Structure formats: C-alpha cells, structure tokens
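The chains carry the letters A, B and C, assigned in the order they are written, with residues numbered from 1 in each.
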Amino acid sequence: MTTADAAVLEPGALDALIEALAGRGLRVVGPTVRDGAIVLDELASAADLPTGVGDVQEPGGYRLFERGDGAFFGYAASPHSPKQFLFPASTRLFRARRNGGAAVEFEEPDAPERPLALFVRPCELHAIAVQDRVFLHGQHVDRDYASRRRDAFLVVVECGSPASTCFCTSLGTGPEAEGGYDLALTEVVDGEHRFLARAGSERGAEVLAALPQRPAADADRAAAAEVTAGARDSISRRLDTGDLRGLLERSRESPRWDEVAARCLTCANCTLVCPTCFCSSAEDVTSLDGTESERVRRWDTCFSIDHSYIHGGAIRPSSRARYRQWLTHKFGTWNDQFGVSGCVGCGRCIAWCPVGIDVTEELAALRAAEEVPDADH
Amino acid sequence: MQTIDELLREAPLFVALEPAQLELIAGCATNVHFEADHVLFREGDPADQFYLVRHGSIALETFAPARGHVLIETVEPGEVLGWSWLFPPYRWHFDARALTEIRATAFDGACLRGKCDDDPALGYALMTRFARVMIERLQWTRMRLLDVYGNVGAR
Amino acid sequence: MSALAEPSLAEATVPRPFAVAERRRETADTWTLELEPLGGPALTPLPGQFTMLYAFGIGEVPISVSGRNGERLVQTVRAVGAVTEAICASEPGAVLGVRGPFGNAWPLELAEGRDLVIVAGGIGLAPLHGALEHALNHRERYRGLTLLYGARTPADLLYRVELAELRERGGLQLEVTVDAADEQWRGHVGVVPKLVGRAGFDPRDAIALVVGPEIMMRYAIEALADRGIAADRMFVSMERNMRCGLGHCGHCQLGPTLICRDGPVYSAAAMAELMEVREL
C-alpha cells in the first residue's frame, strides 16, 4: 500500500470530487441517511453524505447517533452494499413480443443508464471482487453485471470507525484498502479535518489531479495510518478461518444445525444485506393484452422453501437444512465453486439478523463440536 | 446342456455348499420343461417344490375379482421360484404360469425338508441362502411400493 | 471432461425463437417435441446437455436434449407444472424460446472399445436417448451395448415404437421391465436394478450411464457396483432446481458443485457422498 502519490484534500473538496465524477457522465452513488439507516443512493453533493453520523451495531441491533465531530464517513457497513447497483434487485433480462399469430420475437434489454461512481468500503471492494468471480470469470458472463461493472469508478473510503459486528481483519479485507480501486480516501478528524487521497488507477489519478489539494506530508501519512491502525485495534470480533471449507464439509450432520434452526426465522435478512449473495430468480411480467412479456430477474434467497424446489417438493424443506446451506456455501463450498471465500467479514448479517445469529459464533461452535465428538448437546 | 451337478455347483443359491450337501440336494432334483402358458401351480396348492429357472420367464400372478389375473412379478433365468415349501402350511401363495417355454430344475421340497430335519447343518445352510433370496425380493418389492416414478404432486 | 458446445454471450441470456415442427405424445403426461430454429444456425448439443425452454409469458425450464433430427432439437418433456404444461400443449407452429445448450456431456469416448451399459428409469431415458442414438449410429466403436429400461407401467414407457424397432434390429441387449403390469404385458415385471444382475457385460471393462428418479439411481448403482463396475466408471445425470443454466443464480447447487455448470453428468464416485446427505 503505497502513499507515494498521496494528496491531502480539505472537506470542501468532496463537493469538487462529486462534481468531477458527475462531470464525466458518471452516476455518483454513495452513503446517505434515510429511514434511520445509512443507505446507498445517488449523491448530488457532499451535503447528501451522512455528516457527523455514526452507527452502533450489534447482533440484531443497528442504530445511528450524532458523533458531534462532522465526520463524513464515521460509520461502518450499512444495510445497503454495492450490489444494490451492480447487481440490482430487479433488472430486465429480455423482452418477448408476440407478432400476431404464433410468432415470438426476443429483444435484448436496453443498456443501463450512466456508468456508476461508487463510494465503497474496503470490505465492499472485496465483495465486488467476489461477485466479479461469479458473474464475469465463469464460463458465462452475466451481461447485465458486466455492463454495470465495466465502467464503474470505485472510490474506496478506508475505515476509521468499525462496528462491533465487523470482522474484516480475520478475512484480510480491511480496514485498509489494498488495490482494486480508482481512488482511495482516508478521513482524518483528529486535529485538522482532512482526507488522505491516493489514486489507484489512471482514471483515479486524472480525477484526483483536478481537485483542490496539497501534497501529503509525513504527518498526514502518519495520521491516516493511525486511523486505520486504530480501526484495526478496535475490531474485537474474530473468526478462526483455518480450513473452514473442510470444517463445514465434516459438519454436515452436526447437532449445532438443530440449535441454530431453533432460532433462525429464515427471514432472509442476511442474504438481502450480504454484499456477495447473488442468488436470483426470473419471472415473466406480461402486458395486459398478452402481446408482450418481460423476463425480469429478481434477488432470491436460499432461505426460501421455493429455492430448492423441484417438481414434487423442496429438497431443503427444513430451516435446519436451509441455514446449513447458507453458512456452508458462504464459508465453504463457495471456495469449491468460485475459488474464494464468499464472506468478506462486513458483519451485516450479524447486525440485521432479527434474532442476532452471529456467523462467527456459529462457526466457532461447529469447530468446538468437532473437538468433543461425543459430548451431549 | 448342463447336468444337475454342474448346475448346482454354479448356481449362486448353492454357492459354498459342501460336496456332500450338494449331492444330497441333487438327489432331490429333476430337470423339467414346460410349454408357454403352462400353469405350474395355483394359489392354495400344496407347496412341495421349488424351482431354479434356467430358461424362460415365469409369471407370478394372483386372481382378483373384476381384475382377472394380475401379474405381480416375473421370475427370470437364474432366479429361484418358491419358498413356501420351507414353512407350514406348505401352500403356494400365488399362481405361477409360464410366460414362455420354460426349462428349469425342480427340487422336491418335501424330500429336502426331511433331509434338513436329519441334518440341521444342511437345514441352516439352505435357510440362510433362501433368506438372502427373500431379502432381495423384499428390497425390490419395497422399491416398487415407493412408486419412484410417480408425480409427487399428483398423489 | 467432454467438449462443450458453447453459446455466444447473447444466446446465453436471450432466448432464440424455435418453432415446434412435430409433437408426439409418449405417455399420459409426456410429449416429445421437435424444435426447428427460426433463423440462425442449428444448435449442436452433445448427448447429456440440456437447454432452457421458454414458454411465452409463463416461464423457463431446463429440459435435457434427447437427440437431434437434422436441424431440429428433439426434446421430451413431462408436464408437471405451469411451464411444462404450456410447452407440452404447444402445437406444431407454436414458437418457444431456446437458450443453450448448457452443461456437460456423457463421456462416450470413455466407453469406446468397452461394454456400454445404459440404465434408465421412467423419463430418465430422455437424457440418455442421445447417448443411445450415438452408440447405435457408431455401433462399431463399442464392444457390447446394453439398454436396461423400466417404468411404472407399460403405458409409461417412452419411445415404445422405437424400442420395438430396436428389438427387431438387434445389435444391442435390450431388457424392458415395468413395476406393475397391465393385461397385455408379457415382459419382465420388477424394478430396473433387478435387470442388472443378469445383464451380459464385463464389469471389469464397462461404462454405465444411469438416469432415473434418485432412489432408482441409488439402487441401480448399488446393483452395478455389486456386479463389479467401479464407481468412476458409472455416470449419472443429477437434477436440481436449475433456473439460469449459466452458473449465476445459485439454485442448482448440490454441495460444492453447480449442476448447470459442472454437470448434469457426474461420475457415481463424485456423487456417492453427496447423494447420502439428506436435504443437501
């Protein structure tokens, strides 16, 4: 992680940044406050950012509070993630049209609107890389994802205020950003409120060059390093990632699944907020006169009974089987299918589970259950 | 054309029996031949034989009012037909009819029962072998009960 | 792994229109359709692959390819839901959408010079039909050729005319059985795995292809293994809820594998452990 070409931006430069990105024809998307949470939406200016807002997250709990220091990015993961925009909850796959008689024509979908400029967290950068593996690097390329991803400008904001639910350090996905971005920002609120900015690509360098700035001094670099070091130290949630794939494979009949099944509501919140979950379903939406039908892709979840349905019934009717599927996939078989872990340690699933199920706790329990094979549970 | 001795030595039903035991069994055996449609036995008849089918197919049937003859299962070459000779009341539970020309070896069950009474070791050996035949039939029958091809939704 | 026929990016997502050229009823709930491409090249699926068939306004389902007839795709469909019912009801001239072909193929090269044993139950003969056709068209490449096929009743047997012709023609060992007979049936009555014990093949040098309801496949594989065929010489076609065919929707997962992408053809060795886990 080189800060060789770093610059220092004043808080006012954020407006200039957003303007510069919009000026390039990009749709600028970043965090903003709505409905008591931080969501991702189009930003018109820096005024839309959650200035001075912090968050407190715990298993089954999320709330915002006033920080009192004017920080623009003083919070951790929100219920939204970049997948809202790169892999939208609803998108058209194709349109079918009846041309009188039996003939049917198929139309490709329109290209999406303006390319995106996304403000993301380091863990989210990794989540994007994970979804890239699924949608771009397999035998078939997902055209919708590819078109949204191709020209997306990524601004990563390093973390200074992790939540108690974060465990990126166990997965090597944060709190620092290490490549894969166009521009990286580290917010320093101690003393002078400023940003250390680094370009990660030619495009990023071009945009950075156009912003009002001063060169970074050693003190600036040190202050920024202290921010992420402090974040690293304050992350208390840990996950032992040793051979998770093997552990989950061996744990298929673990009694722990019954335990978590007694709590899990199969509400699918975890899959909705997870930045890497990619299950989808398609359905037909026909016009009233029956001449046109759109095939629409929507997010789906492995927690639904319908997910594993083949004619006759669901393969995974029990909540036990469905929770096992999700956890095993996320931390285990994702590796078999895509060559990486599906989890980036953002902790959203822990915060947004209504009953506070903690994946790190569940995995630790599975590991412990292995070591005491004949214990009564 | 195999002799009965050769047959007994090769048949899975009699595998690993001692030569003396095989001789005893051979003493109760004759080769038989039936034309197609010949009825070997009917439900309720005294069951004093069993058959080792060598060629052809035998239908195990039952008669149901308004349904006529219902084909339950076919017994094929290499398979054993009949275990009712082992247990009282020694009566057949189904009809057996030749679907095709049949060549088989018939064994005198009454005679064998007597020999088993005299020689419990022979009795044990035959009983375990027949048990295996019955278990296999039961497995296949259970599989049919599962109705694996059925459309689950329609049931 | 076998070579694949790869669709272009557009074909993978947007269906191509195919017209129903012929429609044949197989059983009470199963039809075979021959689909003709409307413009554009014919598809060249390999035996074992499948396509996603789209019924206008209703939806899409994965259907195995049973064969090719010139430019036409031959696919056998069982009406079990809204989409398949609509597909089965399509009269000649109706237009369906086709995406694909997807998935991998039966490893027929592996069977060359060996005994090829095909074991099918119910509609399981449909995904195996292409392999059977290929073997018959290149009969000299295979030493022995055996088809063991069964269905619930005689009325549920697929391709009856073709099977009768095959029996006349010879060149293969053909045994057909039913779980329950009707008044006319004079053939075997019993389950398909039962046919395995007597079938004439050399288990030390045979390749078996097995498709049917999962229970039947488990028992058939057990029977083939009892005869002495090694688990990596037996192949099955697995079925799960395939929705996109592209490895992107997550539905067809079976443990570590994505069936639309890594399958649907797998060796019994690969599937053995997974088939034992309940609700996987």
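To be clear about the criterion, a residue touches a chain if its C-beta (ideal position, glycine included) is under 8 Å from a C-beta of that chain, and two chains touch if they have at least 3 such contacts.
Being a predicted model, the structure only gives us computed values, none of them experimental.
Chemist: Look at all chain centres (mean of CA atoms) and spot the one farthest from the centre of chain A.
Modeler: Looking at centroid distances, B is the chain farthest away.
Chemist: Kindly work out which chain lies most centrally, taking the average of its C-alpha atoms as its position.
Modeler: Per-chain C-alpha centroids ranked by distance to the global centroid put C first.
Chemist: Could you please state the distance in Å, as a whole number, between where the Cα atoms of chain B are centred and where those of chain C are centred?
Modeler: Each chain's C-alpha centroid was found; their separation is 35 Å.
Chemist: Just how far, in Å, is the C-alpha centre of chain B from the one of chain A?
Modeler: 67
Chemist: Compute the distance, rounded to whole Å, between the mean C-alpha positions of chain A and chain C.
Modeler: Spacing between the chain centres: roughly 40 Å.
Chemist: Hunt down the residues of chain C that sit against at least two other chains at once, touch-wise.
Modeler: Residues 80.
Chemist: Could you list which residues of chain B touch at least two other chains?
Modeler: Answer for chain B, listing residues that touch two or more other chains: 151, 153.
Chemist: Touching two or more other chains, which residues of chain A qualify?
Modeler: Within chain A, residues 311-312 contact more than one other chain.
Chemist: Can you list the chain C residues touching chain B in their complex?
Modeler: Where chain C meets chain B, its residues are 29, 78, 80, 121-123, 151-152, 156, 177, 179-181, 183, 185-191, 193-194, 197-198, 212-213, 215-216, 219.
Chemist: Within the complex, which stretch of chain C touches chain A?
Modeler: 6, 9-10, 12-17, 19, 38, 54, 56-60, 80-81, 93-97, 239-241, 243-244, 246-251, 253, 255-258, 261, 277-280
Chemist: For a test of understanding, state which residues of chain A touch chain C in their complex under the given definition.
Modeler: Residue list for chain A touching chain C: 93-94, 96, 98, 102-108, 134-135, 138-144, 249, 252-253, 278-284, 286, 290, 293, 295, 300, 302, 307-312, 315-318, 320-321, 325, 328-329, 332-333, 336-337.
Chemist: Give every residue of chain B touching chain C within the complex, in rising order.
Modeler: Within the complex, chain B touches chain C at residues 57, 59, 68-74, 76-78, 99, 139-140, 143-144, 146-151, 153.
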